[in-house]
Amino acid sequence: MSQKALQKIVETYQDFILGTHDQHGDETVIVMRDALPDLFHFLKYDPDLAFDMLLDVTAVDCVKMRNEPDGLPEGHRFFVVYHFRSLGLRQRIRIKVPLSEDDPVIPTACGVWKGANWPEREAYDMFGIVFKGHPDLRRILLYDEFQGYPLRKDYPLRGYQPRIPMPTLKGDPVPGLEDSK
Amino acid sequence: MPDTEEKKLVTMKIDGQEITVPEGMNVIDAAEQIGIYIPRFCYHPALSVAGNCRMCLVETNQARKPVPACREGAREGLEVTTNSDRIKEARKDVLEFILLDHPVDCPICDKAGECMLQEQYSKFSLRPSSLSMPKVHKPKVKVMGPTVLYDAERCINCTRCVRFMAEIAKDPVLTQVHRGDHAYIDLAPDKVLNSPYSMNVVDLCPVGALTSRDFRFKARVWFLESTDTVCSECSRGCNIRVDTYKGEIKRIVPRENPDVNGMFMCDHGRLAYHEYENDRLFTVAGTRTGDMNYTQAVNRISLQLLQMIKSGMPPVVILSPFMTNEDAWVAIFSLKVLANVNVFAIGGNAQGEGDDILIREDKNPNTRGLMTILKHFGIQPVSVKEAIEQADNGMIVFGTRHAWIDEIAKKIGTLDFGVILSAKATPATTKAAFALPVPSPYETTGTWTNEFGITQRVQAVLQPQQEARPIWQIVQDMHRGFARMQTFTRVEEITDILMDKGLIALDDLTNTGDDITVEAGK
Amino acid sequence: MVKVKVIERPVPTVSTEIYLKEVLKGMGVSAKHFFQGITTQKNLVTTQYPEEKRPYPKRFRGHHRLMKREDGSARCVACYMCATACPSHCITIEAGEREEPYIQKYPRKFEIDYLKCVFCGFCVDACPQDAIRMDSDKHRIPAYTRQDEMAGNIDLLKLGGLSQARQGGKWS
Amino acid sequence: MASNFTPYYALVFVAVLSILLVLALLVVNAILGPKRRSRVKMTPFECGNEPWDNPRKRISVKYYLVAIFFIVFDIEAVFLYPWSVLYRGLLKQPGYGILALWEMLLFIGVLAMGLAYVWGKGDLDWNPGAKR
Amino acid sequence: MNWNIVLAATIKWVFMVLVFGLGVAGILTWVERKMSAVIQDRVGPNRASILGFRMLGLFHPLADAIKAFTKEDFVPDGANRVLFFLAPLIALVPGMLAFAVLPFGPGDNLVIANMDSGIIALLAITSFGIYGATLGGWSSNNAFAMLGSLRAAAQMISYEVSMGLNLVGMFMVFGTLSFSQIVYAQGHLLGGWLPEWGIVVQPLAFILFMAAALAENKRAPFDLPEGESEIIGYNVEYSSMRFATFFLSEFFEVVLIAAIVTVLFLGGWQIPWLDPKGIAGGWIRVLQVGAFVVKTLFVIWVMMLARWTLPRFRYDQVMKLGWKIILPLSLLNILVTAIVLAML
Amino acid sequence: MSDSNQLTEKNSDLRTEFLHLQMGPSHPAMHGTVRIKLTLDGETVHAADVEIGYLHRGMEKSSEAHTWSQVIPYTDRLNYVSPLINNVGYAMAVEKLLGVEIPERNKYIRVLMSEISRIADHLTAIGAMALEIAAFTPFLWSMQAREEFYRLIEEVTGARVTSAYTRIGGLRDDLPEGFADLYQAAEDRLLRLMDDIDALLTKNRIFYDRLVDVGSISREDAVDLGFTGPVLRSTGVDYDVRKDHPYLIYDRVDFDVPVGQHGDNYDRYLVRMEEIRQSVRIIRQVLRDMPDGPINIDDWSILLPPKDAVYNSIEATIAHFMLIIHGIQVPAGEAYAFVEGGNGELGFYLVSDGDGKPYRMHVRGPCFYLVQGLETMIKGQMIADIIPTFDSLNMIGGEIDR
């Protein structure tokens, strides 16, 4: 169904493609990080793609995978997984971007889809993936003092966190004050 | 396999893949080399081929009927098919046949979860039952010997146990009786399955027919957490896997290591963990010192030791061959080099009986490693008897199990400075001025060097409890008061030093039992 | 083809704009319920709990119970299937040994921690002996202490009944 | 009836009684109620968090504007009372009735103008964004 | 000091304020719960029992009272302790006081303070109630309570204006400021058959007055100061009897407003075509007092029905309704009344 | 700039200050799951920061430690108002990975239960929204109607909310006997109560004024923010998973997708009311057309064998044991499966590495994206509009925080 879109991405970003597959009918493009901010614009504004909705952003930590995850280059650990939908063309695509453990930085999609804000924060919260250019990158589901990134495979299932004192709001950022006197 | 090189190499095909193997190698092993698993029950690489379960049937280009892969030797031009419809159907038929009289016993069978029957049925058949006759009843819960129970209904007559007892344990007490669907395994008349290797038949049994009396109903195997370590009961140092459940050791099974123990181990090693179940020493003890905690005890030992050295009357030291190389190195280094102790003795278990299968005469795991380190420091150990005689100044005893423990206890009770580091509460610990708890061999991390000079990593199965600390740490704490010594925080740092000095050679540093999930049937 | 139904919002009219008509209409509906409520008890939905109890459906997943054999002992053979299938790890079993060659095992301890239990019913699905069931027609009543939240084999057996399920093969 | 002031005496007396009653309620509660203080209990409620801000701030002017409007309109309303009581009586006297009517129209006109002014200024809109 | 007056006032106070006002207000807490329950197809409170008798839950107000008395009355940190203590008092007392000017029946004996300027006195007294809510919220040192008190103040004073103006039409028609006089006047029959009740001669004023009175009383749909889903309420920091006092004052005011509406618009104690002059006495007087009570209860019922039917206004909508709709309409009402009266 | 602010600024001595206020988590209307840090200008929201995570249970991490089947009770707790849709969505995702086709009757039952759950979900949203503007009676009426449907769910699954009804490749149980009659009674009551709610609310000016043009969001913003479900449809986008990517048997039933025009709270209310009626329509068709037949696939490596076989044959016992000990062996791969949940597209992104446990399980909860847009929707509105807007999104903590 979105085979055409997949083809077009592959043609346009030939140099950055690490692999494609369409397991279970989900067309997937595995693409290098360098293609990114550009690819986002392409995905949204190209008339043949028109992926106007960012369905989901998440990540996968491949460090304990039994079988070799396809498309993950040597020395890389994470996949950041984007799901896009085009409401007009009724198509869907998955973009996977490999990241290494030492440099888990990826450009944000917030500038192109406003809806990327929270899911990117969640991916940061859970995997420690840094979305460069994100307007407000802080923890979202966990508290700020949390140590480590729980959905990484090396975080124990029953990881214990140090006790923290009751948080106070003194000195917390106040929403909306920056744009007024 | 020592004689493979002499054999001629042949090229054959398995499922279309070409493979070059020595001539005569059976197809099961050959297929395994290229990652094709052929199901089997009776075949075991350590035993002779029986070929009676028919589970490993494969098609070849040289026979019209399917042939058992365990009997089929590799030869030039052989083409084997393991996944044709006919073979799949044949496996289902074989399984249906095997399961025909099998009782519905999984709920009460200790093997469930690592049973080859379960595995292979769910992998190769899943065909529903078509039984319409009563099942044949055979003896259940039959006591085979002190360690093994037998359930004839579950038995699939693969005869692995019969062959093991005859070929490896050299004690052929098992045999097959009756015929057809009434066949089962039984003891030879007036014999008991009491060989020192009897429990290996439990591991060998592909189903739950032979079960361990020790492990009976203690835990379900899929809950067990396993740690790979080394057996402490003799100087062979068999590789073992210790299974725990809820922080308790439930059983010990051998790991395969062709250089050390092959695939098996002795019953004594399997049951040795019971030694450390009772009478454990977990807190600092000693009748004459009163109540004190670990820090106080160590500080007082340190102080006394310092005074003794200043006055030129150092204590004697009795080492234990149960100490790891790391413990021994730290202890000897600090006591010899820093505290001027001259008299070292090696205690430990007395020599026992050995055989030419696995069991060694030396009942201590690390005698050779200890000797190597003593030699490195230029120390000639004295006998324990001599050491006890010279121990008027004081005495430091490492380890729990000593053949001379009664004499040590008698002597240590008379000394002002009598320190014993023990995992268990013994007469010596109650009489000593200081008794410090140390981990049992199953709670120890480090390396042991066996009689043949192979150094192997010992991994703590459980964590030391309460005040118990590793020996190297206690010694380090004792010496912190008066001497400058490199302090270690992890045992691996000491291992590295030993390797640097060439005292031990260890290839596989990551042999730490990383994967704790239990693989069924392995 | 997507069939779309565009919802038009009601256009404000004079009658809605002056509040009164719709307010009175609403009050009329309320009054209807009021008078129905005080005259007939038909529409009242409250269940006066301790005195009257709502009948639970047949499939209701309530308090666990251990089924019995003819001799009154628990059918359970401590196979740990329920403990394995339990997503919340709330079942603790310790096996004991029995003489009968076809039973061999019994649960010396069978405990369900109701602080952890999520009543998913997976233990019932997992039981190969028809030993544990949740059709006791009782719900778990909360307790005041952690200890009271643990239901042991005796409590569970008390609720149990005789199971008729045949076992061990059609002919055996 | 003793005098014209009798009702007022009664009123004052009733006021005293009422105050005493309510005071009694509060005092009885203060005696009966337990006194168990804790830091958390004494914290002003802010949805389970420490209070973030001082509530006694200079809050939006709109609230205070209402007070001003109130004074304007309420006092004017009070002026209507005597007139309204007398109105029917005045109507019965020829000439006065029309005069009273006109007077009142003028008065209400002024009031309405004031309202219209405030309205036009937008000071009666608390939510300028709302269309309804 | 005339002790007769004191004695009479005390007796009347006990019967009118304590028994009728406070009693009905107390029972109203039960009625409201029970009625809302029935409207919502529930059963409502019925658990409190004495010796096993449940009485449809009638003991619940009693249980509530016991609970309120035995709870801790704490003052939050940073609160103004004096005002915090006084606020509930200020909220409840004016309501009680206002009963003093309401005639329960014909004659002087069924009113505590039969004043010529009763309505002005009433307005003056009830205006005090604003302070209760406002000070209560302000003194709590709580942002939610603060917002609630600001809302309460703004809303109550806004509707005070309309309430006052709505009565002007009544004064014009009846030409008096005395409640007693107004009730007597409502005994007249228009055209020989229609009682000249306020609702008949001033229908618009009746509707507007009802709305304004509800708003004044902070009752749904005007319950913004305690809008529990937005700002929780001006009394969020109050506990025990102090909270109960606020609670009681609300119900007290319900009774009060129902009584005022009855007196002004529904003919007070008048039973149509029966003894309009109130001179009969005897059983007829009892009937007349009964009529007053029944009418009051009916108005309360309608108010409760509205409470459980209508959603709440938003703050700006309340202000808009008060200033832009009710106030102009009130002025219009005066105008029309004046012109109609002039033309008659 | 509004008039009021100009007035404030012109007269410098009338300087006013913003009030900073926290709404939630322990706010009567916040359900204990969200904190909104507000900057207020009087009653107007100047800025807001929505903070979630109060219901975070680490479900995705826990799922990685459970077998594929054991995750099903976890999915109950996603959108806990309509748990069956979550069950269905998860089961479909795993079935997609396994590549199995489920029997026809199973599909019908899944659709039936999904729609019953959807009605419950929408009733909750409508009722809660009414409640938050103090219309308590319609709320309880909608709860009453919802309870009828929970009874149905309980009748079928054995529990009102924690249904855990689907199995991978099957269902826990078939529909009970006489289900159609039970449903008919519930539907009658639902429609009666819906009429009453309608009479109380829809045209009432107070209700109308409170909702119209409150919490509006434009069509573009809604799509950009990833909105789905009734909230997206209220802005005029006709996207519905059931129509656009028909799953199960949705391509065989006839129903309309209600679409609003303004994207405000009132349109969301209307869309939900209409969707309930459409769901009723679907259920009627499903009950009419439901075929007989098996509900489970016949594969012992995926579904537990029938109990009778387990008791009596070693083959079934072995399959039973292997399935419970090791879980379903799902081939390696990844799949994204999505269903139309109560609040929009509920997606499950599953990664398997060929083990009995999910390697990674990620839930795309529709609410997560809806609440993300809350800030945009309440900015500049009154403080009293926050909660109705919040409820019109039908915020479900379980789905956001996971």
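Letters A, B, C, D, E and F name the chains as they come in the text, with residue numbers starting at 1 for each one.
The rule is simple: contacts are C-beta pairs under 8 Å (C-beta built on N, C-alpha and C of every residue); 3 or more make two chains touch, one makes a residue touch a chain.
All values derive from a computational prediction rather than experimental measurement.
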item: Partner chains that chain B and chain C have in common; value: F
item: Between E-F and D-E, the pair joined by more C-beta contacts; value: D-E
item: Centre-most chain [mean C-alpha coordinates]; value: F
item: Distance from the mean Cα position of chain F to that of chain C, given in whole angstrom; value: 22
item: Centre-of-Cα separation between chain F and chain D, whole angstrom; value: 47
item: Inter-chain centre distance, chain B versus chain E - centres from mean C-alpha coordinates, in Å; value: 88
item: Overlap residues in chain E, where contacts from two or more other chains coincide; value: 39-42, 143-144, 232, 308-310, 314-317
item: Multi-chain contact residues (two or more partners), chain A; value: 169, 172
item: Chain C: positions in contact with at least two other chains; value: 23, 26, 29-30, 33, 45, 81, 84, 128-129, 167-170
item: Partner chain F, residues of chain A touching it in the complex; value: 23-24, 26, 28, 52-56, 58, 60-61, 65-67, 81, 83, 87, 90, 92, 94, 113-115, 117-119, 122, 126, 139-143, 150-151, 155, 157, 169, 172-177, 179-180
item: Residue ranges of chain C touching chain B (in the complex, touch as defined); value: 77-81, 84, 95-97, 101-105, 128-129, 167-172
item: Touch list for chain C against partner chain E, complex; value: 20, 23, 26-27, 29-31, 33-34, 37-38, 43-46, 48
item: In the complex with chain A, residue positions of chain F that touch it; value: 18, 20, 22, 37-39, 46-49, 52-53, 56, 58, 60-62, 64-65, 96-97, 99, 221, 223-227, 237, 239, 244-245, 332-336, 345, 347, 349, 351, 353-355, 359-360, 362, 364, 368-369, 371-373, 401-402
item: Of chain F, residues touching chain C in the complex; value: 66, 69-74, 76, 137, 144, 147, 151, 154-159, 162, 164, 172-173, 176, 196, 199-206, 208, 212, 236, 238, 240, 243-244, 254-262, 266-267, 270-271, 274, 278, 304, 307-308, 310-314, 317, 320-321, 324-325
